[in-house]
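The following pair of complexes shares a single chain, chain A, combined with chain B in the former and chain C in the latter.
Then we have the complex of A and B:
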């Protein structure tokens, strides 16, 4: 008798649970951080809290390794199998939005208040994606290195000028203390090149494409300012200041800490490792001002809703839920990224006032410039990467940049102007 | 023309169907698809409708011409020369960019140049990278096909002996074939690194005389390094084919030749080699086709760099079709490659035909 009651109770309870689950509409989500346990745990936590907090939606997550994430999305889109909630890299978003892989995210402007500009993915006047974090790049060096070389310590208000920076590189090389003066990170092929190096070009006064129309690269990528950038870029390698395209990836990761390089151009995600390695006078300096202001790249991974999703309001509800400061701070503490809001930064371990990486929040806040917001960026980025690698390997600067501008223009033309 | 193939042979066709079906689905249909796509402006990702563009893709891929540049002259009409006495030339970009006097060269880039007298003859092409990839691929095939075939034959002769534990040697030579090419490429990247094993061995052998060089980072050595690695990797496969050929030669022929007093060379020349005829044709064609398909090593080791010195036709097809989202351009490259390989295979068939 007792057993029967228990069984009946269990049956009733499970039916009830199943009934509840059925009432929730399932929303699938794809995420780029497969293989990273910390990251997955935080995301799973957000998802389960969201699923428990309301009864309309039930989010399930599938993670992919970052290297093959974009390919997976493109393949799924061609096959018509996109999930509902998409994780998208900031600069790629316009391409997917233009292709119809994504639709505008029906999120309230109030939910976005106080967010760093670059964490909000806007295209054609609409919000398509929102990021829980941003990333920033800084010049890593040691105070003792600057003192030994007799170089001024720059600040956000007064970054190095081109002459000062070149003099610092020459002094570092002349000191003989370093294998190379300046590690720009040539070993990190792929998106690192346009993300990290196009701000140098912009600081010279050029750009990957002409942002006033987004219809041509002529003059932006091969104008006089761009040629000046190209000559300077090439000099980094011909003068022996920077290791070239065949830099060992292990040196890229550990070379600065080991003292092989005087300066290293690296992202905030490497900051923790450098701090924990026992360098007590580590500095994160702003990019040099090459004439047109000091600037760095912006926009990291963001959440949006796929074009085929039938429940954009459900996706928006999830994104709004995920944008709570406690989650932003959790991601920051877990994987070292810059929280999207000042409040979350204050809650985080490293980006709060006096925190070890605080300076990155200000870099993002004051200097960040998103990569060209155009569907053509995906191809332009590849062309730019190859041009910079070729110039580093000794190709003629003017010819290489001309060819790159031509290739970008041909691509824009073949795509009917990418809707601009 | 009723033949056995077409009359009352349903069972035969039924047995052949799975094989033919797969071949058609994965090779024949995609080829016609590629040919069709190469005549359009199909993109990987695009909301725009696909348009028929005729031969535009081939035109931008294959356009090539020679531009003659006269040296600069000063006011007196004398040729301007630099310190070494070489004439100074105006830059190619002054002819190919925004120059209405030379519309036929618009958008072209220099591939290479030579001099006839003081005139510079510059070969300009719309798609220099493609031409470089074609040259690299041909250079790769020209070296790899004969060298790999010859080494494989040498190894096959070595292991075609009745020795104790010969299977261990066979296994050792065959091992690189079994390992994934991606893994092999990664390992060789470390071997070729500036502080890698190859440089230390050469340094030790030459008592420090040899200074380490960056094998894959130098345009002069990168393709050679990949050739050497590719030959090593696949030589075991062709060794096994040669070995199977060797074992079909009747032992009585060798007995007869030894009774006749033939030397080792004579035995090889007049017994072994004629017996390997069909195997040789197979090995040559297989190596040639594999060499034309060079991709994984490039993708893992160099990405086509430095300065396009290792880019190949297949690498370009993938890079454009998928990386740069230009399916039509990638298809055009595939079609050109297909025609080249077909032509070469037909020539090889003709040259090695039974007379």
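Then we have the complex of A and C:
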């Protein structure tokens, strides 16, 4: 009798489960976290809970290594083989939306309430992607360094001016205590350049492209403000303040902690390592204000829906589910990035009130400026990277910025203005 | 006089060995660096690059990078995929290209010279230029397998194998080698009543060990090092090969030690394959005039 009851129960349960699974429509999701076990485990947990919490959709995840993710997506788009839910790097989203790889995400504005602006990917007035976290860059230094150099400690309300920052660099160099005054991170290439360095240009009053039309880089990348930025940028290397493009990656990773640099321009992801290295007077300072406000780069990886997905409402349901504060906090604890809401930050280990990295949430909240929201950004970013490397290596500033602006303009023209 | 001559000979020999040893070291150093670095933590690895310590098993040595590499990526699966795809492709390529070479050299048919010229001309076409058209083609090709009829070859072993079976270089190698085989042997076999198939199997191929080894090694290297093609045609981890798998180790903070451990592991099959075939490979280079 007991055996019969058990068997009957098992049969009923399996029938129910099978029925539920059969009723669920499968949504494939591609994610860039291949090789990052912590990140993958958190995402798998979110997916499992979503699949169990409702009976309409069944999300399955395929992870890709980040370095080759974008190429895989573009190839799949050409072959008509895109999944339903896509992971997209914030600044790349407009290009994928313009190319038809993505469609607008039918998510309610209410679900996005309280999220950091930069974590919401808007293009042409519509939401295309939403991020569970953001990243921020700060000026790493030690309080003892500032004291020794006689430099005031800046704040979000009163960041360093250009003159103050230059004076700090000169003082650091003159002290003879450091190999270089300022580690800008030249050993890192690729997206780091526009992400980390274009805010300097924007703070001078220039930009990679003219955001009022997105149809030209003329004036933005090679105007007077941009030239002033270029001269300042070059002076970092000609004055011997910063290591150039041949910087040893080991020095980039550990130079600041070892005391080789007075200041280091680095992201929140490096904050814990620096804190754990034993520096007890570590400071994360806001970006200097070079005359046009103090800004840092913004927008990290976000979730969206592919252009070929037949069930955007299913994708939106999953994204909405994933935006719960407990998941945002879990991601933050797992991979160290900034949760996209204040509530999640309060739940996280590092960004809560008094947390070791708390300051980064406010930096992101107050200083973040997304990279140009245009499909042409993917090309413009590479042009910008090359121009800055060339200037660092001694190229003529005006000629280099003129050539860069021309190259970006030619690309915009070739692509019919990218729909702007 | 004889003593002076003997001394000179000894000096020349010693000089030759010293020079050859130095040249060998230049080629071996990257491999030694890779293996030694695979046992070191990241910070030490990067620090050691500026000194001779980079080539020595010194400092904090452990197998931690190997353990971490297996935790980060399904290394075994990637190696299995690459060995399977490479092995099958090499075997099919040797068969098909040797038959093509045999046909071009020994059979008389119209247009063979033009066709051979066209095939050889494909050597100057970089794969990158045809990657996208080929991707579009294979994504629409039909297939009948155990699961029935389907359209599209993406996410499979066959998409990594079939487009790579025939190639101009391998056919060219066989053609060049077959041209140097004694014609008398072929003619004698024909007189004895052997069919072309029998001549191919029983006369020509048994004499073609060196070129088979060369073609196998060159094809092996091309296939084992595949990156772009599997990157664009394989989206499922189940079918990913080792070179795409390498990307798993490039995160926000690149795990250099794990990368070296992974590279050491995936280099083993290549070295083993080469060591097995190296004698025949060198003999073939000498006989076909192929360099590099």
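Simple rule for what comes next: the second predicted complex is superposed on the first by the 401 of 420 C-alpha atoms of A that agree within 3 Å, B and C clash if a C-alpha of one lies under 4 Å from a C-alpha of the other, contacts with A are read in each partner's own complex, and residues count from 1 in each chain.
Note that in this section a residue touches a chain if its C-beta (ideal position, glycine included) is under 8 Å from a C-beta of that chain, and two chains touch if they have at least 3 such contacts.
If you're wondering where the values come from, they're calculated on a predicted model, not measured in any experiment.
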First, second, both or neither for A:66, with chain B first and chain C second: second
Partner chain in contact with A:253 - chain B first, chain C second, else both or neither: second
Partner chain in contact with A:402 - chain B first, chain C second, else both or neither: first
First (chain B), second (chain C), both or neither touched by A:35: second
Contacts of A:269 with chain B and chain C, given as first, second, both or neither: second
Touching partner for A:44 - first (chain B), second (chain C), both, neither: neither
Residues of chain A contacting chain B in one complex and chain C in the other: 71, 248
Of all residues in chain B, those that touch chain A in their complex: 41, 43-48, 60, 91-93, 97, 107, 109-110, 128, 193-195, 214, 216-217, 219, 303, 305-308, 322-326
Touch list for chain C against partner chain A, complex: 42-43, 46-47, 49-50, 71-73, 132, 135-136, 139, 152, 154, 231-233, 235-237, 244-245, 247-253
Interface residues, chain A side, partner chain C - complex: 30, 34-37, 62-68, 71-72, 75-76, 78-81, 248-250, 253-254, 269-270, 273
Interfacial residue positions of chain A with respect to chain B in the complex: 71, 74, 77, 95-96, 98-101, 189, 244-246, 248, 378-379, 382-383, 389-390, 393-395, 398-399, 402-403, 406, 410-411, 414-416, 419
